[in-house]
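In what follows, structures are represented as structure tokens.
Both complexes below contain subunit A, partnered by subunit B and then by subunit C.
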Partner chain A sequence: MRRAAYILFVFLVFSGCGGKRDDFNTLFLRLAEEPSTLDPALAVDVYSGGIIAKIHSTLVRFDENLKILPDVAEGWEISDDGKQYVFHLKKDVKFSDGSRVSAEDVKKSFERILMADTLSSRKWMFEKVEGAADFIAGRTNEISGMEAPDENTIVIKLEEAFAPFLSILAMPNASIIKMRDKEITGCGPYRIKQWARGEKIVLEKNPEYSGAGVCMARILYRVIPNDFTAVSEFRQGKIDILGLNIPMLDALEKAGYKDMFYSRPGLNTYYVGFNCRREPFDNADARKIFAKAIDKKQIIKYVFNSRVEPAYSPVPPVLLYDGLWAMENNYIETTETVSFDRPFKLLINTSDEMQSIAEICQHFWKKRGIEIEITQRDWNGFKEALNNSEFDMFILSWWADYPDAENFLYPTFYSGNWGSAGNRVRYSNAEFDALITEARAETDIELRQNLYREATNIIVEDSPWVFLWHKKDYCAVQPWVRDFKMFPLYYSDKGTGIKITR
Partner chain B sequence: MNKKTEHFLRKNKLAVFLAAILCLILLAAVFAPWVAPHDPYEINLEKAKEPPQKAYPFGTDAQGRCILSRMIYGARISLFIGFCATASALFIGVLFGTVAAYFGGIADNIITFLIDVTLSLPGLLVAIAITVVFEPGVLTVLIALCIVGWAGFARIIRSSVISIKGQDYVASALVLGLSRKLVMLKYVLPNIIPIIFITASLRIGVFILSEASLSFLGLGISPPEPTWGGMIASSVSYVETAPWMAFFPGVALAVTIFCFNLIGDSMKDYVNFMGNRL
Partner chain C sequence: MKNFIIRRLVLAVLTLTAIITLVFSLTRFIPGDPVYSFVGRRADSDTLNRVRSAYGLDDPVPAQFFCYIGQLLKGNLGYSYVTGQPVGKLIIGRFPNTLKLALTAMVFATLTGLMLGLLSASNPGGAIDRFCVLVSISGISVPVFWFGLILIIIFSNLLGWLPSSGMGNFTYIILPALTLGTRSAAYIARITRTSVMEVMGENFVITARAKGLSRNRILFKHILKNALIPVVTLIGVDLGSYLNGSVLTETIFGWNGVGNLALTGIMNRDYPLIMGTVLFGSFIFICANIIVDISYSFFNPKVTYE
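Take a look at the complex of A and B:
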């Protein structure tokens, strides 16, 4: 009700002030949901992460091509065994209160995530650091593997080589912060000016920020939950950049806004997961029968108007930049039918999109003589049923935390990660386990990619998932926005470089 | 049909018209397999999101299924749940209401307390909680609506029985030595039948709408079973590009609920017109 009243209010206020823009220093953006928190240690959703990235800085960050760039650190060295990271901090980075960012701040920021009373769900980011387990358990009050030998140097030692660690340090949770009386101060390009809950969040330029490219004086996020309200706000010129889902894209295209679209391949995979511990899905050949029955190209063409990329493996092609050889998981046209002794339970959540996909999958399986019952649960019930393995099959998507193929292979298929850690299909294959463990420790990018490819091929051949598609990221950008870049990760956009022209 | 009834119907042409529409919807639901132009479950991706045309009078949905056929089959579920939920809630309501009113004392206190508690809870939220806890399906939705809906009936029945209990003819029947049970069945219950009919026809719309709300939230009947609420829910994303998907089920839902409410109102007028007798 309050949301409805708010939408009405926004409508009444803004419908009165016409389409003319008189503020060239503010970037107007939309938030589909109120961020749950702006505390870097606690943030897990994209809304929080996107804002945190603009008010905080990390040691390293990604550019628009997923290349790692220095941010608070000006340079770093990784030892040959891949276990020791030495970061040299820039000397002119300041928090928004004017104080210098020192190596000690970096250490404290990382320790805070691991502290029990912070209640962070991102402890795994630093679990591989030497002494982290003791620190988490409260046996020590310092992490032995994290040292600040002088003001500008931080040394992090890992228990074993873990190649994606540098990528993890670019996540918004690894932001360098300063705590004073429970107030968090950041060192990003912007700082929070106002947070009116349920209404808007205003960021203003951080005067102490030493980096280049902050051209906007303010960023104003308005909370607009309804997609089509956001579309009409965009059409009235009251939102500068709007992230789009497919219905919004269709609506804007119909209204003639096609030349304002930008798109990028997204870092996600939609899939049908099998319960690999339950008969008949404990057999790869049976799983392949299910996988080969689904004509994803047809779904993509007619349901998504070709706006998603077909998936041939769990890893989005951007992260695995060379061809795969296994293609065991794809649709094959046949009129042959198979018979199983029971109908299978397909578990989905209550989203309309998932329901639609489930009904179509049911249709394709029925063509092969396979009977499916769809069970729809609300999000919490769905997660619980998933974690307790109460399903034959389910439909879900996996979104990257950090841009490394490992993030699509290790959490989801490693036998030690059964259940809520990500391997919800309870897949286990010793050969795969060995390959992915080796890949995680390999610091040479070429060799690592080869190992990832081999591991991915095992997954494709074993088909614990039916790989459906990778969604692309779309957004619409007003013509007066200059130097816009689309980032493949929601948190790599620091809000810098972008300009508004008259 | 007596003269008075005929006169009433002549004066209330709208009610007759709406009753006719409702009958049509009912007939379509009952004879769905013969009436529906297509198989409501038949997915045909090449025909997805087609606007209304000769082969598909109400267009097709995102999976290429015929919207008219799905609406006709959806009417079955909506009406079935509407009637069954009303009947079961009514049964509990009448039982508790009469027991409370007629016996008074502790029974009345306990039942009145239960009624108050149930009425003070937000109905739809309780229904949502129930559907979340149990396996989704027709039975769960029915139980949820029944738990939420009985109290409204019980309260009305209780107050009607109390007022009838004070009438002289009840007192004289008791004085004549008839047992309380007999008085209840022969003199009290027949007199609350008009009230039962009126409240039931007014409530049926509410139940149909609640089922639609649950389906809209994805907590009703499991897909691919068509329900009006579910059909509206799955077309929300296409409101701008394929408005027919939400429009027709929405109209069907609105018309049906409107019919039930207006017929309930007319029934009330009719009872008043006939001097509180059916």
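Take a look at the complex of A and C:
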């Protein structure tokens, strides 16, 4: 009996050390959800975007500090009035089938997004291009503002100056592709080797890729829907890099994996939105009472273990070049009580995190005499209720499509974007509209930032949102991964530079 | 026998029709709109309408229903909104994985359950019996997802013996099969125990014992065959439900089966996929039940179908 126990003990000790690795050429990653599509024109979620960025290239791209770098284009000129963009393509960029990437391919890739049959919801990326509206409506066969004068040059003319345009061209949707019989070929560092739906996606090195830094022969994405299972797989060394939410972070921290954590500020804002078309939320003073009733610092401390940054404006501070204002000091919670003649409907989606946040908010409001009814809907039903304005308030987050303060102001608060276009609170303020329109067209970066700040101040003053917090991005990286960089945008990681050591 | 089968088949068709109608209405009348799964959070209303019309979602619901039925009659389960692939092909592609898991779980459940049940029954009230009853009650009471997670903690995290997720060689199937099969094993153990004890008291068993037959011969040859009918029912029905794909187990262990597929469909409001997986599941379940009914006569010739 004692001997058996001894054998069992030895077995336990030696079997406990996992993480034996015989494949040093494959990077193992986790997908929490299967991407719905890998078609750049249709991709709208982070899972598809992250993979598309590795199998496709765009004219320009972002580095890990959000600086714009050349990708397919080796250089570009922007006219002084900010209306004309001329891109010069690199001459050695090839699709993974070996054919050269020409200016005509760039033009076709962009046109495809605007074609009605493509059913892309990213048409707004090119809405400022001259003739785009006519092309979308089917009145013309070509976009007048997009020309390829020779093989290596593409000229894009805008109807008016639009400063974020260059950033938008780095989005995965603006990938340069080649279509043949519904097959999409890319020119990125990797290409798709296998897509076993529901199980895994395997990328392999694109032999035709001319850029530097592709050190992995393969990237293997495993579909692991359950967070707990993913953590377990990481602990067994079967996942190299794992994105973490806060419960996963806590679990790994307890298990002693703290040394493997990386984090950086995320480009997102969590908020409570008001229905600005409905009483009493059509009045900024009333909105402020609601906003100031919430002690976000307490929520951050007790729900998030201080792992998120409090938000004092809709724009993540990094996009307004920090050192902004003393908003933090202006933020004083109210203690006055008010009374309304009806309870208010707070709409949230069905996640545990949202539920606990909503319940705490409910508690804070109740302390000020405000009654709240929480309505939970699944993600899809939630979005529908949002678009149909079936709420008094809701809790949601906004994540950057591209790193520009405009992305946190124009879609979300401009009066022309009510409903599904982003302004779900149906906020409208002529002064703000004028400022943000001016900012979008301002080519001077300093002046533009100042306009953004002014516009942001209006939003803060008007409080169509209760600004809650900016989440940080966290991930855990195995010790054998070398030269790992954490990117602030899910699509700026092209899977290059990273290595596995023996 | 023939009449019985025909009657059951007619009933099956009626059941399936009712299921189609019910699920179709449910998907259309609960809040939510599939287009929101595809367009992201910044879409103009023109694109929303175009996507909606491309999937025929702007037609009146009755028109959509009859269109779907028409398609079904032609043997077409429709096309997934998300992947554009035929739903039938998607399900058939995943089914072998589900089948593998269901069969392994069922073999485990049957062997364990029968063994525990027989051990219990052979010495009712004894220590072994009490132990077996305890095990089977625990097995019935434990929630599936919790049990799965506990297995992962023990066998993957602490011991590092078995993989916790994915598909590969036979080691990958062990934890999901245990998770899935435990509840059935527990039920089988309980039913076997009761049923064997009941049969033990019958006159023919006393006769066999009086003839001087050995204990094992009586147990396996005389008692077990007669006691098996309720057990077979249980196995058949459980297997039928496992073959639908078990959403929880497949999600926890990243098992790429029909259950996972159904869940993806539900998350994305992929109506054709939801309809397809439900229909497929019901079909399998009905078939399993018919087969169980027919098999009764094999175990007990006294059972007739007229």
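Keep this in mind: the second predicted complex is superposed on the first by the 469 of 502 C-alpha atoms of A that agree within 3 Å, B and C clash if a C-alpha of one lies under 4 Å from a C-alpha of the other, contacts with A are read in each partner's own complex, and residues count from 1 in each chain.
In this text, a contact is a pair of C-beta atoms (placed from the backbone, for glycine too) under 8 Å apart; a residue touches a chain by one contact, two chains touch by 3 or more.
Here the structure is a predicted model, which means the values were calculated and not measured.
Of the two partner chains placed around the shared chain by superposition, subunit B is the only one that A:251 touches, whereas subunit C remains out of contact. In the superposition on chain A, contact of A:228 is made with both subunit B and subunit C. In the superposed model, A:238 makes contact with subunit C only, not with subunit B. After overlaying the two complexes on the shared chain, residue contacts for A:376 are found with subunit B alone; subunit C is out of touch.
Of the two partner chains placed by the overlay, only subunit B lies in contact with A:302; subunit C stays clear of it. In the superposed pair of complexes, A:44 makes contact with subunit C only, with no contact to subunit B.
In the superposition on chain A, contact is made by A:123 with subunit C only, not with subunit B. By the document's definition of touching, neither partner reaches A:337: not subunit B, not subunit C. Between subunit B and subunit C, the partner in contact with more residues of subunit A is C. Across the two superposed structures, the residue set of subunit A contacted by subunit B and also by subunit C is 228, 377-378, 380-381. Of all residues in subunit A, only 227-228, 231, 245-247, 250-251, 254, 298-299, 301-303, 349-353, 355-356, 358-360, 362-363, 373-378, 380-381 touch subunit B in the complex they form.
Against subunit A, the residues of subunit C that register as touching in their complex are 30-34, 36-45, 47-48, 50-51, 54, 82-83, 90, 93-94, 149, 152-153, 156-161, 163-167, 251-254, 256, 260-261, 263-264, 267-269. In the complex of the two chains, the subunit A residues touching subunit C come out as 12, 15-18, 33-34, 36-37, 42, 44-45, 116, 119-124, 196-200, 222-226, 228-230, 232-233, 235-236, 238, 377-381, 383-385, 387, 398, 401, 411, 419-422. Residues of subunit B touching subunit A in their complex: 43, 45-46, 48, 62-64, 132, 135-136, 217-219, 222-224, 233-234, 236-241.
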